[in-house]
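Both complexes shown next keep chain A, but they swap its partner, so chain B is in the first and chain C is in the second.
After this line comes the complex of A and B, so read on.
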């Protein structure tokens, strides 16, 4: 025991360079060796799946007149695979091969039944997206590919094709003194739209590639008029949405089809639903086309647009909310348990660089939550959709890529929420305070904004600025400017685009993590 | 890496309280350095600063010449036992060591080695919450040894150990030092350090009161004192006190006398015909030597013997 006599000690353990991966592995070992935390992650997954399946099993729909119940007809699908509205009046004839259609529109008018405030009169007027113009369509059947050039109620001339695509032409309306010339030229799958004020100088609106056109297509005049949709605040919070029947009529005093035509002009009420016919159509003015002295008047109702009315895929993962709370609790405990026991000091002895230690913890808890969400979504989305189909409920179809984004999004949502919760735990060092803060930041704004209790502006604001913005990643249907709809959080439409919403949540998580690291660096532990 | 701990001029305040007031010492390899001092002397604060858990207001603490926070795979440089109760109760002993091993890139086999070394192999799969205090101490020592470090720093390692455990750990500390490691051990039980520590750093009021070899310290504390064994204790005390000696009764038939030399004491007692059976130079215990040193520095005298730190 004499001082300094022995040679300094040399360890015989194999040397290993320090790597961040070591810290990550250590944190993962910590996580998996506490049974309660693993159980929590599994419970979050099972809870999300179970609630999704309960939601699916509890949804039924059937149609039919009187006592006879039948399965509801599936909505037509557009060329992109999405559900579409495709109802309008079509005066058409066959065009074989390339050609063009030109028409002069001299008047457009319509009726709106029982609008506010009195809801007691039928008034004349056009809804903003009433449509009248020329169309080339693969067949006079709902969902068939098409391109059209049209004048709208309040958005001027447009060229639209295949339900989702919309290009603006010149604004303005139409009158006897200011007619609108519309022209659509077909060359194979390429359709080009033109407009003119005088029929001599034409301006091109746009060109559309319409896949799925056969050599013979239907060409002609069409009119559609979507329902008059209004939203007003409800007395008990939320909004009241109403849609009223409308009808539009357009007067064309010139019509010419170039190319090889075949057969006579036909009148088709595309997508007609006899059962849905209103008294107005039955007793006052039916949809149709009438010709008198070279002037054709076409009357129609309905819309040609993507369909937003129906069950959205992401309804199946709304059951993730309880699972999200479980994830938050586990993520908070993952760090606060160490503070409670003083184990954090051992952790800091093993990894003295505070930022790296927190990053390793965040990575582990985030990855576990991401996996929980991903597995839950991968199970509940296909299984829930199968159950819904069995129950006769139509789920609005979305592309595979969108499905994948919703599934991945649920994982990312849980993962980032877990990182945020963990960081709050490291900041507060108290389980209850951190859990309450994380729920108040992520879950509460979402519930308030979507439960129809807040004014809509406030709901939009909450889902744009708080960490709950991350829920936007679950939105499966986009907003369409050319569809009048109640684009509100309660209807599954978020103020931010999906990835932007997720980025807001990620920003909060990063901020909290940075603050926690900064606080840990400057303090005694 | 040099197997040392160098503490230089550490100062630290907690509000109005000066916890450290210029603490300086060096722990050298090849021996056990005892770190002792009364409550509030700053032992635990110093140890926390050494491993970068607390920040000093002034001064430096280096492990092998470098600040702890800058070490790569730090558990391979310094193994520390600070708080044996700092465990996740639902995690098993083995898993506690496993995550620590992973954090340093150590193989899982090393966990089994240290479990064997501290005699916990049988309890490896028990949850930490169900371990006795003694077992937790052993687990904490296992964690400190995991990286096979050249420097060890143990805060009150004797706490909670049964007599057998105390014998074991003293043997372990001795053999670790003999391998050339630097070992710093804090304790409030001087008797535990008596036969194992080669060097002693005595702290009081946030600074070092004594930094000395144990043998030298005891020799100094013993100097000029004589132990007298007598059946007539009262008479002997009276006689010696009259002669100007400082006399303390240390047992039913023993006295410790300072002042006169042993020959003079024999002379005095014989002259007064006071019977005695032994007069010998006194060898102070480490505890006595320590008490001597810290007499002026004890803030909480009443707490000293009972409290853990």
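After this line comes the complex of A and C, so read on.
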């Protein structure tokens, strides 16, 4: 009998430390070897692409002149490359080199056709962003760079330039007893706006650097008046936006142009569209400028602002809802299937640190969904835009960086939704409850906010507070305070800024992941 | 058939989730409807909102619980393997599916009636405070159209249940089945509003079970709807019939 106990068996392999990379590799192996999950990821990509192409193919536009249908003219582009509205009446002359224009505004009035509630009368009144003032513009063609000092219908004096920029001056309106003096000084590319109540003591409003001004520019008086907007809920869901024709008139005197002028005063209806002219303009009061004894009355309609009316790039990828649902189902199954089959016990035996296992799963499923979204966006954005161009539809142009953000955003949206769904799966351990919860959290608020008859106030809350706030990352056009528009989720304007919206979704995903890790630690499998 | 009904009812009755799901149909429908009632505004004559659709808007959320119940009633049995015991005891598979369909319909009608009544009551209480008054021309009256909206909403919920049951029988995997069901309901609802062409819009709207089915809730501007109220309800009915047929075929042809 030997006294010593036999030495216990020890493996000769070096002790392996549980490395996170190994966990990720293990989870990736699980994912890619389940045929249904890989098929789901591919199906999500294909569905998103197919629906984007359906949206593109289902959008046509043609502008008819009588029986002949022609392609719609592209809207003018501003100096920043964005589509702009540029329609106004311009009484102008040429200025060579540096100089200034000064004018006194003594009255401003206008008409609004058929406003609510009656929709049966033409009333006198100004829309909030009716504009009248002095302007320096590179040329009297739509889209040319400009700077202007103006009085608005309800937002006081403003200095605006190059369509997107807007600086506030003093508030208030104008009357015979309280006239407004406006002055714009040009020195090279630098334009400075001033205003005054008496024409003697001037206060500076702002300074603008306007690139693209040639030596000779057009200076003069202008009047514009954008359409009056009413929004009504549509009976079949969505909303009906109506813009009504408005016109504004302004009375100027003490008009003075300093500097080297050339040629006579000219009258130009900038951006005039004969076909869009209303009966009011044709038969009652035409736009124009009339002078008698130094008093000049200018009448105009239209707007000088970024254009928001048109097809937005991201409409091609918002068809991603069915793809998003597929991603949610796959992500939930990625964890609940382990519970069903008992694989979770093996998984946790191999990697006992449960939080890290969950992190590895989140990384794998999030990365797969991100990739699915990126691939879909990379295909559907260029292809859809090509189809739209072929259908004669003008897509509002956005900078390359914004385009990239929309594509990346689709990937991030799918990725974070997958992480949230996976975490809910780990939390509930039941696939149906997790799928319903994830769809109710991410997809349903978006559907309710954009496609239902529920009120817009509810839509704003839903897309600000729920995980569906992440859809904001797809918004391609910014809000402009100086443009009256229907800024609603259904029109592609979300209550939160793009990255903030995505951060809300990321926060929910992180919270769910944290809860799942905490529950996983406290429970037997 | 009575045996099958009794067996299915016993199974369903003894599951703790059933009661919760039915209660959540009522809570979700009334809750979202009340929120919509409170947040909507009707400041002037002709504000355009349809008070019945606002009050019953919560059906869009409540239907998720019905769909979940309906999917689980069949795919849950596949998940646990109970389906083999069920089919051994009751070999007439179509009768089993019919019993399940009867139960789903009955429970959906019962919980849907409660939910719709609660939502209408909430509307009667809340909507006048949001400006839906007689002088603005918008009241939630107890008239024919409102009755149709209420009755139609209950029937819609039953059709959603049958759709979920059919999909559950055809797909079997519960996660995939609920994904398909909610994908049909929610995934297709936003599409018509993203397409520019009016003809495409109407087509996509007409084939979407949720958009077309909820047309039954409309009480105003019926002429502007792509489908009439009862015709609209025919769309989810057609989807439910197709799903049930596919489910019946799958159930009889495949091994459990």
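Basically, the second predicted complex is superposed on the first by the 497 of 525 C-alpha atoms of A that agree within 3 Å, B and C clash if a C-alpha of one lies under 4 Å from a C-alpha of the other, contacts with A are read in each partner's own complex, and residues count from 1 in each chain.
Heads up, the rule we're going with is that contacts are C-beta pairs under 8 Å (C-beta built on N, C-alpha and C of every residue); 3 or more make two chains touch, one makes a residue touch a chain.
The shown structure was predicted, so the numbers you read here are calculated from the model rather than taken from an experiment.
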| item | value |
| --- | --- |
| More chain A residues in contact [chain B versus chain C] | C |
| Partner chain in contact with A:342 - chain B first, chain C second, else both or neither | first |
| First (chain B), second (chain C), both or neither touched by A:11 | first |
| Touched partner set for A:447, first chain B, second chain C, both or neither | second |
| Partner chain(s) touched by A:177 [first = chain B, second = chain C, both, neither] | neither |
| Contacts of A:321 with chain B and chain C, given as first, second, both or neither | second |
| Which of chain B and chain C A:121 touches, first, second, both or neither | neither |
| Contacts of A:200 with chain B and chain C, given as first, second, both or neither | neither |
| Touching both chain C and chain B, counted on chain A across the two superposed complexes | 36 |
| Of chain A, residues touching chain C in the complex | 36, 51, 54-55, 58-61, 116-117, 119, 232-238, 240, 311, 315, 318-319, 321-322, 325-326, 328-329, 332-333, 336, 340, 393, 431-436, 439-440, 443-444, 446-448, 450-455, 457-458, 461, 490 |
| Interfacial residue positions of chain A with respect to chain B in the complex | 1-14, 16-19, 22-23, 25-27, 29-30, 33-36, 337-338, 341-343, 345-346, 348-353, 522, 524-525 |
| Residues on chain B engaged by chain A in the complex (per definition of touch) | 2-3, 28-32, 48, 51-55, 68-69, 71-76, 80, 82-83, 85-92, 95, 98-100, 102-107, 110, 143, 147-150, 174, 177-181, 198-199, 213 |
| Chain C - residues contacting chain A, complex | 32, 35-36, 39-41, 44-50, 53-54, 57, 60-61, 64-65, 67-68, 71-72, 75-76, 79, 174-176, 178-179, 182-183, 186-197, 200-201, 204-205, 211, 215, 218, 220-222, 224-226 |
